[in-house]
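Take a look at the structures below.
Okay, so chain A shows up in both of these, paired with chain B first and chain C after.
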Partner chain A sequence: MAEKWNITLKIYRQKQGEKAHYQEIKMDVNPDENVIDLVERAWAFHDRTLTFAHACHHSTCGACGMRVNDREKLTCITSVRSVVSNGGTLKVEPLRNFPVVSDLVVDMGELYRRMDLVGHQPVNSDRAEAIQPEFRPAGPAEPGEDFIRLSDCIECGLCMSACPVFSSTPDYLGPAVLAGAHQAGPEKNPSLLNLVDSATGVWRCHSVFECTAVCPSNVDPGWRIMELRRKVVGDRIKTLFNPRKTAQVSK
Partner chain B sequence: MNAQSNFIVRAARWFDPRGRSLSTWGFMINRLTALGLTFYLFLHLITLGQLAQGPDAYDNFLKLTESPLYKIGELAVVAAVFLHGLNGVRIVITSFGIAVPRQREIFISAMVLGLIAIIIFGLRMFTA
Partner chain C sequence: MSKPHAIIIGAGFTGTATAHDLALRGFDVTVVERGPIANGTSGRTHGLLHSGGRYAVKDQESAIECIDENLILRKIVPFVIEPNGGLFIALNESDLAYGEEFIESCEACHIPLERLTPQQALKLEPNLNPKLLVAFTIPDGTFDPLRLAMSFAATAKKNGAKFRLYHEVKSLLMDGKGTVTGIRLIDRTSNEEFDLHGDIVVNATGAWAGEITAMAGADVPIKPTPGIMVAFERRATQRAINRLCEPADGDIVLPQRRMMVVGTTSFTAENVDYIPIVEDQLKLMVERAADLLPGLRSVKLRGIYMAPRPLIGSGTGRSIARTFKCFDHKETHNIDGFVTITGGKATTLRAMAEKTSDTVCAKLGINVVCQTKETPLISYRQFYTLN
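And now, the complex of A and B:
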């Protein structure tokens, strides 16, 4: 028989032009359910005006990012047990640093626009030989052929919400976008280095590493930003000794 | 004005540790110690300015430095230097892409080293 807990679900509510408030709903839950299940139940059985975003329910679409007890989480893979105890309060709020559209839904249009700017691709192709044999999926691909796979970054926006620098400097490209630039590959597109080598690019990062701490997809944006810095500095040193390289990069 | 007050509200979130990981404490410590050290620099220049008013004025000021309150202030400056400096080393190392996955452990080590140094300095200052 499934374990039963009684908790209070505390949901952030705000419609456009209205003042924000919290709605509390007492619920009997299975602690192994995920937080999105509780939000769906609140909508289905308590209040049909509740707005939230979700789609895949298995951490692929990145739509259900929210703050759960103050921490950015992908609610479809966050178990109740991991964030609250029996009898406790589970608070769900929209992501920070994005305008609230309605209740738990935020407008992430700016993030998507910037991801396009750096050429982030949601689907990547990997050469069969570039994948370590133990991680190479079964299939017909032979050396020289490509595997098609989803990008690690699911554009959920959790890192942008957790970043305190993006909070105070909205012009900062932000961890997801810089990680996207790193994944897009400055080697393939040198103009990316010019884009990120700026006051609103890699140099704005203050090494808080909250982005890496909350990333549900092991993108590790903090590490990627530091790698980009290394590439930028390396490129600057190269251009000191090779003026022709300068011309190539500035194209 | 509205944009400015919005900035203040947003910057205040730098110092809100709720739902944050350990590295945010490193971020907060660096900001607070940087502000403290900048304030101290101005204070230091003002006190040196006493020299321009003659030896008696400066000697009278130096008597103030013997009070326990002043010593606590000096220890706070020493603490800020150690915490800011050691945390700064972590940031420099990781900024070159070195040991980034180990930044949390480096932060803990830096803070433990800093605390040991502060305790040693404190003991010497208050027992000498």
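And now, the complex of A and C:
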């Protein structure tokens, strides 16, 4: 038999034009369940007015990011056990730094717009994404071809919510977007270098690495921002002798 | 003359694809969805872009739909697909026996396949069970469920469709003569209620279709049939791996980003709004996945989830065909202005939308052909960036 805990689910509630408040629901839970299961149950059996975002329930879509006990989590892969003890309170709130649409739902349009701006590719050659040494890698695709992989970044917005700089500077491109620029390959695109080599780009980052700490999908935005800085500096040295093109990235 | 207004209930695969099709055919389209895009069965699919091989032996109609649509989706929405192919592998004598029928059936359904020796298969995918007896390559793939639906939605939006997410249908509006004329909605972001009128209401709510038809006093033969899926925290193959046997529990393991996902089971559920995880099924999935890829036995689990398939018919579980059906309720219950599309699977979403849109056009006496086979979709991101 599965273990049974009793916890209090404390949910951030806010409808349009109303003040925010918290709703508490006592629940019997299995500590190995994930937080999204509790939220879905709260809607299914306790309060049908609750709104929340979710889709795949296995960390491939990035829709269900929330703040769970003050920490950004992808709730479909966050076990109850990892965030609360038996008898405790599990608080769920919407991500920060995005406008709240309703309850736990935020509008992430700005993130998607910026990912497009920097040309992040949703699919990529598997050689461009990281490899996993735990398993023997598959043989080659057709000669001269690579396998195609869905990108590691699932655009969940956790890093944008956790970033202290983005929180005080909305113009800062933000960790997901700079990581997206790194993946898109600035060496292939000089206008991308101009975009990130700016006060709202890589130089605004304070190297807090909150982004890397909360990333559920191995993107490591903090490392990618540092790599981008290296590329920018390398390019600056080169352009001392051969000026960089000044074209802006178009929308 | 003003454009006809189609109201589509549900923003899963069929709803978003039908919105795209009808918008291309010149309709004013409004999609209403009680949650975000693809929050029901669509979001929670396995993610297998079926080659049709899984259905070729017992359900050729579905198999042919799959291979045709597989090739179309690769062309119109390549940026949400890992197009790396698949393998069917035999692990015992009974699998081998099934293999003979499998070859003939795939050929009959024009699904291209190639026979591999165990050595060849292991060279392609070194983490396969080394005891495999034979393997066949087939053109499977993996898709990103949410971004697939969002790509259809974004393209529909570009062509004028409106999306009202977090809006729930409270009732169907009907005139005195038994015709559906619109819907009463509640905006769940503000709890305000209002009416929306349309020339046709399309019920694209999949496993929930019966709840909507009941509002008009009609029923549909939908059998919500949930299954479990389990995601492992490591990617072990580039291709989808299928057991060479009749459709069975845990017969497919496929890669997705850095994961492997195994599925699925087949049982019936009363309440489709919340389907609890059954521990025995979870254990069974891990075992079945490890039959195909033994290395998975020691890999940490990442996600466990349930989704109800909307199966049509009166059989049980796997004996029910996986094809889809569009019901014109004028014919079934003498209710005009109202159609239901349900059944099918993710891979056939475009074809389901075409059939539904054909039905809608025929009902309204509009003669415009479907253009979705040749129309590339725009980036899913534009769903958020278009006004």
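Some points to look at:
The rule is simple: the second predicted complex is superposed on the first by the 224 of 251 C-alpha atoms of A that agree within 3 Å, B and C clash if a C-alpha of one lies under 4 Å from a C-alpha of the other, contacts with A are read in each partner's own complex, and residues count from 1 in each chain.
Methods note: a contact is a pair of C-beta atoms (placed from the backbone, for glycine too) under 8 Å apart; a residue touches a chain by one contact, two chains touch by 3 or more.
On a predicted model such as this, the values are computed, not experimentally measured, just so you know.
In the model built by aligning both structures on chain A, chain B fits alongside chain C without clashing. Legend: residue contacts after superposition of the two complexes on their common chain; A:49 is shown touching chain C, with no touch to chain B. Here the vertex is the CA centre of chain A, and the angle it makes with the centres of chain B and chain C is 170 degrees, a multiple of 10.
Contact with chain C, but none with chain B, is seen for A:59 once the two complexes are overlaid on the shared chain. Applying the stated contact rule after C-alpha superposition, one finds that A:15 touches chain C and leaves chain B untouched.
Of the two partner chains, neither chain B nor chain C is touched by A:241. In the overlay built on the shared chain, the residue A:126 is in contact with chain C alone; chain B does not reach it. Following the chain A superposition, chain B and chain C show a smallest Cα-Cα distance of 20 angstrom. Touched by chain B in one complex and by chain C in the other is not one residue of chain A. Residues of chain C that touch chain A in their complex: 35-39, 42-44, 47, 78-84, 123-127, 142, 144-147, 166, 188-191, 229, 231, 234-239, 256-259, 261, 271, 273-274, 277, 279, 295, 299, 302-305, 379-385. In the complex of the two chains, the chain B residues touching chain A come out as 7, 10-11, 13-14, 18-21, 23-24, 26-27, 30, 90-91, 94-97, 100-101, 103-104. If you check the complex, the residues on chain A that touch chain C are 2, 15-17, 33-34, 37, 40-41, 43-45, 49, 51-63, 76-77, 101-102, 105, 107-109, 112-113, 115-116, 121-123, 126, 129-130, 132, 134-139, 141, 147-152, 154, 217-218. On the side of chain A, the complex with chain B involves touching residues 67, 69-72, 96, 162, 164, 167-168, 206-210, 213, 220, 222-223, 226-227, 229-230, 233.
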